[in-house]
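Presented below are the structures under discussion, each in the form of structure tokens.
Both complexes below contain chain A, partnered by chain B and then by chain C.
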Partner chain A sequence: MSPQARFAASLLTPGSRCPPGLMTWNGSDPGRRFDVYRNNVMVSLIDALADSCPVAEALVGTRFFRAMAGIFVCANLPVSPVMAHYGKGFDAFIRTFEPAAGVPYLADVARLELLRVQAFHAADAVPLKSADLAHVLANADALPGARIALHPSVAVMPSPFAIASLWLAHQSDDVSAALGGVDAMRAEAVLISRVGLDVTMFSIDAATSVFVTSLAADMALASAAGRAQATDPAFDIPAALALLLRGEAMIAINFPESMLND
Partner chain B sequence: MPVLANASPESFPRLPSRGGFGLKPEHFREILAAPPDIGFVEIHAENYMVAGGPFHHYLERIRSLYPLSIHGVGLSIGAETAPDEAHLDRLAALISRYQPESFSEHLAWSSHGTTFLNDLLPVPYCTESLNRVCNHIDRVQERLGLRMLLENPATYVEFDASTLSETDFISEIVRRTGCGLLLDVNNVYVSAVNHHRDARSVIRAMPLAAVHQIHLAGFATDSDADGYPLLIDSHGSPVAQVVWDLYAFALDYLGPVATLIERDNDIPALPVLVAEVQQAEALLRAAAVSKARLPQGLAV
Partner chain C sequence: MNKQITAASLAFAFGTAIAVAAMPVAAEEKTMEKEKCFGIAMKGKNDCKAGAGTSCAGTSKMDYQGNSWSFVPKGTCEKTASPTSPSGKGQLAEFKEKKA
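Up next is the complex of A and B:
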């Protein structure tokens, strides 16, 4: 084991002895000083998760959240110095974290918050405006085969819990009053996208969720609409497209080449 | 490999000899609405290694108003293994996009294998470590096509393996690699207290001719296992008076040098940061006046 491997191993093993080869000017126990590094590593990584998931933290309280995050951190250290992407898998960890079982929606709220961070930092692209769409709709024959390119910030998250309402309640000045009106056990689906510079969430129904997810999987418009209608026969394509427009969620509509050649 | 037009050390643009602060998202809009009269801003490179969104939107606009320092915190120059080429690629892209007046990194390691530890960890001051750090800096400067500044560390432990003083170690790095020195005066003070050195002697023994930027920050006070003070480089409070005094002492030797107020935790309102920058600028102006009285025979 190299000296830095020993140093890193000691850092990541709480309560272990400090690595050999350390000294202090006054002969004091270097373990106490080494603990500064140990503390910096753990606290900064837990802070990173808390910064990304403030609502999840509020739902269970800071002490519980930080203890839970600490266990995740020890098993899931960052693999890149780009910390904006740290926390992937935290929601899956929470889902299996027994002490959090009493808050069944905690994992989904954390996932929503992590998706918001990714939407915030996603690549820039010019969204389609209504004029662009009107032009496209004129080409009605080709529309069923068209594929819609979504903005890099777009994400869809269906949940068996009221994730959007829970999140929104925490933006209120009086969180407990706002939470009083939320039925956490009601299913909600959310479309996340960056409108201008602001990450924005839209509550969507299950069929629209299927529709956007299908578009994201590069499915043609007719197939995506078909899947949505299978979920809910009342699925309204124009309403869904209007929502994507308002959410600045579309960047291009690509027609199959055979149609363009006609 | 993209080679910058300003690749040679002589032509690499310099930060002005003024005060600046670390750019924080909390202050983006306020800075653009009423740009404060400061000399430059500094960013942490890794925070801007994201594809798009508000960080780049605001940085592009703020960068057009101020000279820019890009300060890396994740390159792990002191690691046992060579700098990560993927990370160097990301740095090269950021530098190419924003054309900073300065790029700096730390004398520390923060990655081991594929694990990023998110802290600046200490290196022993021995020949083996010296050779390794120099090789890594050579690679960084070659890949990025610039002369980087290396920051002296704040440390909490020392190593049995060290055979050189910190100042000799850093001086030799500067001599061999041609890199510049980012003199973190708070780190000098923190390390001096933690290892029972005289901070002013440390400053005098640094390769002062290579200093192109100064960092000032606040520290927190703890104690070691025997109750002696142990200072923590926390960046969470205003610059301490004792660090201002040490800064003034350093400026007596250096003359005016670009000086950053670093604040990464408990970020205060913008006017509070601007006031700290102005405090630094008052000392920079005094240093400019007294530069003519520079002690003779010093290699500065």
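Up next is the complex of A and C:
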């Protein structure tokens, strides 16, 4: 084991002795100094997760959340110094984390919160406005094969749990009262998009969720609409497109080149 | 009912979407006039958590003691309604689901 690997391993093992060869300038015990450093590493990373997932923290309480986050941190050190990107995989970890099994929606709420942070930091792109869509109507013949490029901040999150309602209830002044009206076991889907500079969430139905997910996977418009319709025959295409427009979620509509009339 | 998805129906959908999206919120155009502001990130979301002189921040918290799982999550979970739970609320231990 290299000295670096040994140092890192000691950092992640509470109670372990400090790596051999460490010295202090004034002859004090390097073990104690190393303990301080180790605690700083853990506390700052746990703080980062807590900052990103305040609702998940509220759902289980600070003590539980921080202990859970600490176990995640030990197995998932940051790969970038930018803490906004730290926490990838935290929701998957929660899903398999036995002590949290009694709060089945915890993982999805954490994922929603991480997606919000990602949306906030996603790259800029100029969204399509209604006025930009004139050429779309001029090329109606090519629409079925067209592909919609979504804004980098856009994410879709379907869940078997009422993640949007749970999140929203925690933004209320009286969280307990707001939670009283929430049925956590009801499936919900959320479209996340940065509108202007604000991360915005839209509650969407299952068919719209399939539609936008298909568009995000670069599926042609007709195929994406077809999949959404297969999910729910009542799928409302105009409403879904209006939502994408209003949510500033589209940045381009790309036609198959052979079909352009201009 | 299986509506056919055609070029015409998609053009109609876009036309309707434009009309619907054009209606709302008069202030919306104004909100586009924003600028990126740096240096106002939430704490912990900047590149480096600790600035000069703060290298020992957090040492008194002793958070990293959480190796005991004898405690259960305490939070707002128990206030959250759950139709599959015998008590009608979220529970802090696994429970047998009843039919909702």
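Throughout what follows, the second predicted complex is superposed on the first by the 244 of 262 C-alpha atoms of A that agree within 3 Å, B and C clash if a C-alpha of one lies under 4 Å from a C-alpha of the other, contacts with A are read in each partner's own complex, and residues count from 1 in each chain.
Simple rule for what comes next: a contact is a pair of C-beta atoms (placed from the backbone, for glycine too) under 8 Å apart; a residue touches a chain by one contact, two chains touch by 3 or more.
Please read all numbers here as calculations on a predicted model, not as lab measurements.
Chemist: So, does A:252 touch the first partner chain B, the second partner chain C, both, or neither?
Modeler: Touch status of A:252: no partner.
Chemist: Between chain B (first) and chain C (second), which does A:206 come into contact with in this model arrangement: first, second, both, or neither?
Modeler: After superposition on chain A, A:206 lies in contact with neither partner.
Chemist: Output check: A:81 vs chain B and chain C. Expected answer is one of first, second, both, neither. What do you get?
Modeler: Both partners.
Chemist: Applying the document's definition of touch, where does A:149 land relative to chain B and chain C: first, second, both, or neither?
Modeler: In the superposition, A:149 touches no partner, neither chain B nor chain C.
Chemist: Please indicate which partner A:24 is in contact with in the superposed arrangement: first for chain B, second for chain C, both, or neither.
Modeler: It touches chain B, and chain C stays clear.
Chemist: Figure out whether A:123 sits in contact with chain B (first) or chain C (second), or with both, or with neither.
Modeler: After superposition on chain A, A:123 lies in contact with chain B alone.
Chemist: Between chain B and chain C, whom does A:33 touch in the aligned arrangement: first, second, both, or neither?
Modeler: first
Chemist: Please work out whether A:229 is in contact with chain B alone, chain C alone, both, or neither, and reply first, second, both or neither.
Modeler: second
Chemist: In the superposed arrangement, does chain B or chain C reach more residues of chain A?
Modeler: Between chain B and chain C, the winner on chain A residue contacts is C.
Chemist: Based on the superposed arrangement, let me know which partner A:2 touches: chain B (first), chain C (second), both, or neither?
Modeler: first
Chemist: Residue by residue on chain A, keep only those touching chain B in one complex and chain C in the other, then list them.
Modeler: 36, 40, 44, 48, 81-84, 124, 197
Chemist: Considering the complex alone, what residue numbers of chain C touch chain A?
Modeler: Within the complex, chain C touches chain A at residues 1-3, 5-18, 20-22, 24, 31-32, 34, 36, 41-50, 55-59, 61-67, 69, 71-77, 79-84, 90-95, 100.
Chemist: For chain A, which residues are in contact with chain B within the complex?
Modeler: 2-5, 7-8, 11, 18, 21-34, 36-37, 40-41, 44-45, 48, 77-84, 120-125, 152-153, 194, 197
Chemist: Touching chain C in the complex: which residues of chain A?
Modeler: Against chain C, chain A makes touches at 14, 36, 38-40, 42-44, 46-48, 51, 57-61, 63-68, 70-71, 81-84, 99-103, 106, 117, 124, 130, 133, 136-137, 140-144, 166, 170, 175-176, 179-185, 195-197, 221-222, 225-226, 229, 233, 237-242, 244-246.
Chemist: Help me check something: in the complex, which residues belonging to chain B touch chain A?
Modeler: 46-47, 49-57, 73-76, 79-80, 87, 90, 109-119, 121, 124, 156-161, 194-196, 222, 224-226, 228, 230, 232
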